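Chain IDs A, B and C follow the sequence of writing; residue 1 opens each chain.
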Amino acid sequence: MPRARQGGLFAVHVLRGQAQVHFMPSALTGVIFTVALFTAGWQYGLYGLVGTAIGTGTAQLLGVDRSRVSAGLEGFNACLVAVGFAVFLGPGHPSTMVLAAGGCAVVTVVTAAATTLLRGWGLPALTLPFCLMASAMTIAAPGFERVWHGGPATAGLSRAAEGTVALAVDDVARAFFANIAQIFLMPQWYVGLILLVGIFAASRTAGAMACVGSAVGVVTAWALGAPTARIVDGTMGYNAVLVAMALCGVLLAADRWSLGFAVVGAAAATVLGPALNALFAPAGGHSFTWPFVLTTLVFVASVPALPRLHRTGPPAVRPLTEPVGSGVVLGA
Amino acid sequence: MPRARQGGLFAVHVLRGQAQVHFMPSALTGVIFTVALFTAGWQYGLYGLVGTAIGTGTAQLLGVDRSRVSAGLEGFNACLVAVGFAVFLGPGHPSTMVLAAGGCAVVTVVTAAATTLLRGWGLPALTLPFCLMASAMTIAAPGFERVWHGGPATAGLSRAAEGTVALAVDDVARAFFANIAQIFLMPQWYVGLILLVGIFAASRTAGAMACVGSAVGVVTAWALGAPTARIVDGTMGYNAVLVAMALCGVLLAADRWSLGFAVVGAAAATVLGPALNALFAPAGGHSFTWPFVLTTLVFVASVPALPRLHRTGPPAVRPLTEPVGSGVVLGA
Amino acid sequence: MPRARQGGLFAVHVLRGQAQVHFMPSALTGVIFTVALFTAGWQYGLYGLVGTAIGTGTAQLLGVDRSRVSAGLEGFNACLVAVGFAVFLGPGHPSTMVLAAGGCAVVTVVTAAATTLLRGWGLPALTLPFCLMASAMTIAAPGFERVWHGGPATAGLSRAAEGTVALAVDDVARAFFANIAQIFLMPQWYVGLILLVGIFAASRTAGAMACVGSAVGVVTAWALGAPTARIVDGTMGYNAVLVAMALCGVLLAADRWSLGFAVVGAAAATVLGPALNALFAPAGGHSFTWPFVLTTLVFVASVPALPRLHRTGPPAVRPLTEPVGSGVVLGA
């Protein structure tokens, strides 16, 4: 195969890696997601894109199964690692760049390990490798003088966290979209809107479930009395979005049982969020997408004992010439 | 089958669910346990009974294997979740009732997951699902304004915690029975006494091992210098009771090797208790029956490598018309 | 077999147990390691030797597979438990002696459990049993009046921790050897030097990888800006030593791919160290060899998905008459 063609294919794998952050193995969705991330900040866009490329490239170098590489499954954790390091260590420091590059390479090894360890139960690795890497790095960072420059950039997680006392209509709208943006660790509602367009471009079911999950997240957080500012900036609801998508359509066959399952799971993940934040807080850590990972693994692991629910078939790998697909192949 | 008969059977399953908190698949024991819990406080009794019913009903609705439901294996974690929420969030608040009901439904999913994940090693889920749910809820609760009403009710865990300087004879007696009561999160010695009667009603071996475990818990805690108040209210020794029962008779065949194993395990769980309390404390969490779960899983997992010890056979499910049985079928 | 012969064999098994702390199944190496530990302090030497004997004896009593006992695989975790208890609870207290003896017996059960649980993935238990026991004990200890005598002896971990401002040549040399000594929780560079001689006596590859790991640990810690005092006393780099040895020669076949893997793993473990210290600190815990255990398990678990890397064959058990061997049989 000519070198140019391979380069072209590699770009497609990277774009699918971007799209897999929201479970979609679609290069078109990857393009839209990349636009969204650059809209949030060019530095984050660059970190995400280069991170996905490093992760995908490392997987190729180490000989990971081609079907995983081409579906983008070796890119999305690296994307999140790079963006996460940029947000928490500051994107402008050379130390952050070096560590992010190293983290994107190592997360490929962690992904391989997680995939192997979970395979016996038919469970996917989801964003577990990202959570492990990002937790280790953010907790370790203050202990290293040349790494730590005083905590997360204000451009990051807390930007939209100005306190409000009641949940107005535009607050709800902002929260609804911010939930989707926070999966990339970004708080801007319009970033979430662009991401949602990208999800719908790949799959109508996935887009609908992202909306359901976001709504469940907002309602649960509001009903239990979570701080308004945290609802509005999306930090209360982003796990619900991912859980709802995973449990109805992505990992479980979409029907009314899995819809109910997804709603319950999304609410559970919304409660689990502050629990994990409190658990990590004394050590200086964050919950990242741990609530999504743990809730989804538990709910999916329960399926063999619950005859009402059904796993989706073995992940179909889209042919390389057909980048847009409604099929979803996360973490097979 | 006529509807009345089904309702009757459901009640038997619920009573067995109550009894399974102490490993006994006996409806008679379930009746005695229910009496004990109402003696501790009518609200706790009601929470426990309704919780077991919700858990058992959810399992039926989701199509869980009937032998598990009829043995009460789908009820005991829900019972503990409901009582735990009542103790830590206050039984009188409507928010607690809604959350407890939700928790009892979700713990069925967690039980199904834990059972599936542990099956490969032949390990039972024990109270792991309860520990996960209760830990998540108690750690998350202070972050939700409509959930948190200022910490556990004084009626709960700390009632008997008035400090004493030396361990008098009646302290030892109170501690001995309180250890058994604390498994239902209650500190009253007479509740423990009623529970012990219920255990003996189902199995003499189980009753004897509950006594052995409680004694080992008191002696170990006293010998190492634990605070007297915590020994007397049973918070130092309840894990030892469960570990001793599990390791000699319930999960391992009762002989002199497993008796020694149970004594060592009970002592180890007594040391592990304060460790897990210290680990959860910075986040505002509690150790619940984590020390029992972790110690028992480790000791039972070691059996295939230790030829002196033997697992009990596959759990025999009692016929539905024979509610009282000495056989024990926890978490198969 | 005459009793004297058996006693002699038991001594060989104990010496191999000492040697297995650094993966070596060699009685000669065990003798050199024992000398090193006595050089660090006669009390630590005695704790280590008696601990290994108790662990090995308990395993024999419980009927653990003879090939594991004779290879020393039932001794090294007990050795570390005994030394760890001595360092953190003070070697002179009778309470420490009783608890250490109990800990060495219980760690045999934990080892059996860890071996059984990890066998399905072909993963060894490494020092996971020691980490579990030592973490539980050190976190629980302050809650027990007769156990806690005011924290680790000054002779222990912190001896060499006098602060220095820059990393001089002799600092680097001290750090290089202290990294090897800290695996036995000792900070003295000359103890590390003796241990290194012992490793080379068993295997040149293992000795070389210990040097590579120690160098990677020093360089990584320095490059990221770790405190000089912690680099010099070996607490930043001891995990890197073990990871490098495990990933190139011990668990993975030694070639240039596994050499690169080992270097990356050693650097990752050096970053993970402060993360786990921060995670345990609020509860009063320590990271022990958790960073080594977690990094090595993840990297080895990834191998089935990474065709460039290869596991070593099934661990060859050396004949009992041939105590010195370059083959390495840790935690099969």
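Note that a contact is a pair of C-beta atoms (placed from the backbone, for glycine too) under 8 Å apart; a residue touches a chain by one contact, two chains touch by 3 or more.
Only a predicted model underlies this, so the values are computations on that prediction, with no experimental measurement involved.
How big is the rotation, 0 to 180°, that puts the C-alpha atoms of chain A on those of chain B, in steps of 5?
So the copies are related by a turn of 120 degrees.
List the interface residue numbers of chain B and of chain C, divide the shared ones by all numbers used, and answer same when the ratio is over half, different when under half.
Mostly different residues.
In whole angstrom, how far does the Cα centroid of chain B sit from the Cα centroid of chain C?
37
Two-or-more-chain contact residues of chain A, please, as numbers and ranges.
120, 282
For chain C, which residues count as touching chain B in their complex?
61-65, 95, 102, 105-106, 109-113, 115-117, 120, 135-137, 139-140, 142-147, 282-285
Please name which positions on chain B make contact with chain C in the complex.
Against chain C, chain B makes touches at 120-121, 223-227, 261, 264, 267-268, 271-275, 277-279, 281-282, 297-309.
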